[in-house]
Amino acid sequence: MFFSSDNAGPAHPKVIEAVMAANTGYAPGYGADAIMDTVRQQVRDVFEAPEAAVYLVINGTSANALLLATMSQPWDTIFCADVAHIQEDECNAPEFYSQAKLTLVPTDDAKMSPDVLRSKIEAEQNRGVHGPQRGPLSITQVTEKGTIYTLDEIKALTDIASGFGMKTHMDGARFANALVALDCSPAEMTWKAGIDTVSFGGTKNGAMGVEACVIFDPDLAWEFELRRKRGGHLLSKHRFLSAQMQAYLTDGLWLDTARAANARCAQLAEGLRGHNALTLQYDPQANIIFFDMPRSEHKRMLDGGAFYYVMNGDPNEGDPDALLTGRLVTDWSMTEDGVQQFIKLLNG
Amino acid sequence: MFFSSDNAGPAHPKVIEAVMAANTGYAPGYGADAIMDTVRQQVRDVFEAPEAAVYLVINGTSANALLLATMSQPWDTIFCADVAHIQEDECNAPEFYSQAKLTLVPTDDAKMSPDVLRSKIEAEQNRGVHGPQRGPLSITQVTEKGTIYTLDEIKALTDIASGFGMKTHMDGARFANALVALDCSPAEMTWKAGIDTVSFGGTKNGAMGVEACVIFDPDLAWEFELRRKRGGHLLSKHRFLSAQMQAYLTDGLWLDTARAANARCAQLAEGLRGHNALTLQYDPQANIIFFDMPRSEHKRMLDGGAFYYVMNGDPNEGDPDALLTGRLVTDWSMTEDGVQQFIKLLNG
Amino acid sequence: MFFSSDNAGPAHPKVIEAVMAANTGYAPGYGADAIMDTVRQQVRDVFEAPEAAVYLVINGTSANALLLATMSQPWDTIFCADVAHIQEDECNAPEFYSQAKLTLVPTDDAKMSPDVLRSKIEAEQNRGVHGPQRGPLSITQVTEKGTIYTLDEIKALTDIASGFGMKTHMDGARFANALVALDCSPAEMTWKAGIDTVSFGGTKNGAMGVEACVIFDPDLAWEFELRRKRGGHLLSKHRFLSAQMQAYLTDGLWLDTARAANARCAQLAEGLRGHNALTLQYDPQANIIFFDMPRSEHKRMLDGGAFYYVMNGDPNEGDPDALLTGRLVTDWSMTEDGVQQFIKLLNG
Amino acid sequence: MFFSSDNAGPAHPKVIEAVMAANTGYAPGYGADAIMDTVRQQVRDVFEAPEAAVYLVINGTSANALLLATMSQPWDTIFCADVAHIQEDECNAPEFYSQAKLTLVPTDDAKMSPDVLRSKIEAEQNRGVHGPQRGPLSITQVTEKGTIYTLDEIKALTDIASGFGMKTHMDGARFANALVALDCSPAEMTWKAGIDTVSFGGTKNGAMGVEACVIFDPDLAWEFELRRKRGGHLLSKHRFLSAQMQAYLTDGLWLDTARAANARCAQLAEGLRGHNALTLQYDPQANIIFFDMPRSEHKRMLDGGAFYYVMNGDPNEGDPDALLTGRLVTDWSMTEDGVQQFIKLLNG
């Protein structure tokens, strides 16, 4: 009953097997391995983007920071949702790499609305050299609250950005979970909707630790390479990153794992809805659930062996009737039985 | 006949097996995995340093940059050999992380001499607020030229540094190769010789991609953790780093692989000495050889299927009699036969 | 009728005279001039802080950025009002110098309330190494809206900060205007109220371009000096900065000029209150007025020769009845007649 | 007898008068003052560069750091003489602003030779993404040793730079002193010789504190403006910078002051040549002299009331016969009598 995070789960056996298979003989380091040639082509095919620059890094923090830095100047401000991962959970990594600052767009459900985004951008526009300049927009898909932008919603935001001459980045740490929920193509969810660069996540969806940085404008490629090396993110035995991504993209493994995670989440949501002291904050669309429940119930669950985060208070101390928010995350490795066990515990 | 680099070779099977074994069930991310608890103790035992702070990162560039940044201020200058990896091959990563600059100490064989180091440090001392301030010293063991500092030589350098109130870092990307060559203990080669922090390499000696950052003064631990996270170098599924280091340190695997690499290097050097148009630049002590040989001979070797770097000219174009420098690096995975094959080709 | 900014006015003649007087013979550069010795003592006397470190820079942006950098770490977040100058008008200078980020505290009248500040600080506290760490608090006195914190209000904010182990900086670009309005001592408005460092403004209040950085904890002095030099803010012919500040602090010139500016502002507010289509946003306490008035009236004033900023729309285009916000700033050099002329124009 | 530095002398009375004259009424801040319009045209006329972007800052450190940052990327290395001011005396300011590093070109007399420069640039070229990339070249004219590049020598260096696709910056803290010594035009010494940007010094040659940043390619202008603001180097009451530069450039004042300083230096050198225990290190061409003399003689001079730097040892302690190096700098304000007094003291 480990629902604390999708990076607490194991890697998919096919990913591990690919890593083992890559471990034979000599291979040039630093991204010049033959497997990377395959991966580059796989990613371009997946995105229907034959010119895209494709690079691998070890995690989402570095993918986001390096892409945003490549799109920004030190005097810029990057627009993102107030609860974006780049704002809350990366210890100033985006600022470190880009030297830019962040402008937070207020949201309810972690999704920026076009009007609020526009007003925030306009507010940065009248100070000339005195204020921060407009840098890129960053959209998180799946959001931190587990919600998903529709294709039209993405397009509405990128249209605003491009109207101001701004580029748009997608933090796709849970890219696959959104994609299978929307049942669209990667191209539709990205460049066809106005996205310029993507942090394409593998780690949370079955890899050991790999994310692809996809840059649709190849003119930015060399700068990205220099930034990656300078940040210490160019792996020497790079084949072990390549192999993970190769397996991830072969035979639709990445879509299967995302579907499995989303299915477990749906099953879980279904079970939660049956509990009368519990409210779902958002209709879960991908693999994350936020719910409100009395403290005493959280305590009972955690004491009973469930693992998940309680976001806004200590589950063990305070008014037992106070509502606290819990977060549940599913991943590809969970079983129907595991979810059922959680629901059974919940229903006491 | 792949002698281009020790990061082009495979990982040791035991390392891969440990990674596979770690891939079961849920494990807390970000370094809180149980395997890391074991690794921390292993490293402390290896270094006889029960209080040392121990962290894992993916490569030497990040290990060096993060440790030096933790030891420096933005107005400092870091002292290192003129051919140090942090100067030549890290695309400004040490400067990016530390904001400090580097002062290069001239060397012949990549080893700093006490007198030259002292004169460089003294030269930075009389400008008060106008000049860079004295930051840490960084020593590379094995050096970029394949030479090794004796324990007394290390001590002589760290004594000078501490006399100026400076700390000392060891870039130990090839730590094990030096250690088995000197036949001393890790403690003797580090803190007993005045070293304050170590980049303890695994990647070049049998791991997939892992280095331990060892900090003997635990007061620096929290700053290091923040810098690692901010640099995007805290792995989410950290157990896969931990597992590599665990296998590496178990039953002396790391010493065995280093001994194997050094033995192949000695065998290779023995063979090279028999070639009359070839000169070894330094008596190889670890797993790296630099040698001078006519261009025509380099061309013959490369055409014949040998892989290695020719450092100072195009082996295919120019005066065939001109002497060019070649670099050969051995690793744990090479066989006596493989080396013999190279020598045979050399002897024509 | 030039009410656009208090840095558009001239320097006080006594300041210019002091600069002329300083221009005789040789004087050591870089802050070692004899006048600076006098200034240091003057500032310490004014603040009743015999141990304070005192440095001069050319403007408020550098004073704020250097002080905040000296109080911060690169992984910190600095707390300030949402409309603070450091957020809106310094083109990322605070982030450039400190490498930290800013957390914006929502305000109505540019003054932070203790409860909102506390909730913002608490929100940054539960993410361990993943989130930004708590850096200093920065309070602007006079605020960007022309409002003033009472001594109790300052104390309430610094108490919260120190409860979290945070230090507090005061952006005192208009320090004197606040001081004479509150009729308190510099010590009362700063260290006695929990302030650790002050950007003590001279430029807007009669100097040519000088601000004193006052640091009550002298342990930070050397780091500040290094940061100032590294930022290019250590003047070579420093005596010309010293001379300005010396004149500014002699015989209470700085208090006289602030009283004059505030008096003109009060006179102006009195006049504005008589205009029935005009509303003051805040009761002006220092030398800044924000007021709402129909576009057509703004247009009439600007066409009639008044200079001031209209903040939220083009005064020449759009609905003539729409209310737009104007900002008026007074300085020491304005005359009663000048203000009267503006009011007369307003009353048509 | 104050020969320690040309920034220890006073400003020229005409500069002070211009500052006083500028102090009337209201003037827009931040470089929008009318005097700056005049200055811009003056500088363009002086350099015969009608398109050049022209900005003012307070000192040479900020001028150099801002220009080099505008010409560099964070992964670059900037080439300069080993004793350049940007290396030795700016406390990492160039690195802070540019994030690039410096590659030092060894020199004897502070002048880079084309061959050595070329070899240093070539040495940075074969590491691809691993090594620093080639950034701009920075030439100091007058050098730190008081020597001057001829126009042909400048051209030889900039030709090498442009052959590698690199731009060239001139640190002209003592631009005027070199210009009058070479008896050429500003255009000839800069863009006609391949220079792209110039730190055009005023401070050391009669101003209070002002340097013009001259950028011959106006495409870099906006980036420079943003960098200046972000560095805190955009003055609010900018007219006081403008006024200094206006006076400096009016009626050739800047050439007169430079000629005066150089003449005093020549007079001084003439006198020194008559002392038999004293050797001039270089034939002084501008306003700086380096000379070797026994410690006992330095001590006698300093005790006798002469002020200058002894570079490589304590004049008061040690072998009285040991040769120590003294540095003498003249400025516009020195009199023939003042120099004569020094020589008289020397001749005992």
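Note that the chains are named A, B, C and D in the order they appear, and that numbering of residues resets to 1 at the start of each chain.
We take it that contacts are C-beta pairs under 8 Å (C-beta built on N, C-alpha and C of every residue); 3 or more make two chains touch, one makes a residue touch a chain.
The model shown is predicted, which means the values in this text are computed figures rather than measured ones.
Two chain pairs, B-D and B-C, are weighed by contacting C-beta pairs, with B-D ahead. Homomeric contact chain A/chain B: same residue numbering on both sides for over half of the interface positions. Most remote chain with respect to chain C, judged by CA-atom centres, is B. Note that among the pairs A-D, C-D or B-D, B-D reproduces the A-C interface, with over half of its contact pairs the same by residue number. If you average the CA atoms of chain B and of chain C, the two centres end up 51 Å from each other. For the pair chain A and chain B, the distance between mean C-alpha positions equals 34 Å.
Work out the mean CA point of chain B and of chain D, and you get 41 Å between them.
For chain C, residues touching at least two other chains, in rising order: 74-75, 90-92, 96, 129-130, 133, 226, 229-230, 234. Of all residues in chain B, those touching chain A in their complex are 2, 4-5, 7-11, 13, 16, 19-20, 23-29, 57-62, 65-66, 90-93, 96-97, 203-204, 208-209, 226, 229-237, 240, 307. Those residues of chain B lying in contact with chain C across their complex are 30, 73-75, 129-130, 133, 223, 225-227, 229-230, 234.
Those residues of chain A that touch chain C in the shared complex are 74-77, 88-92, 95-96, 99-102, 104, 127, 129-133.
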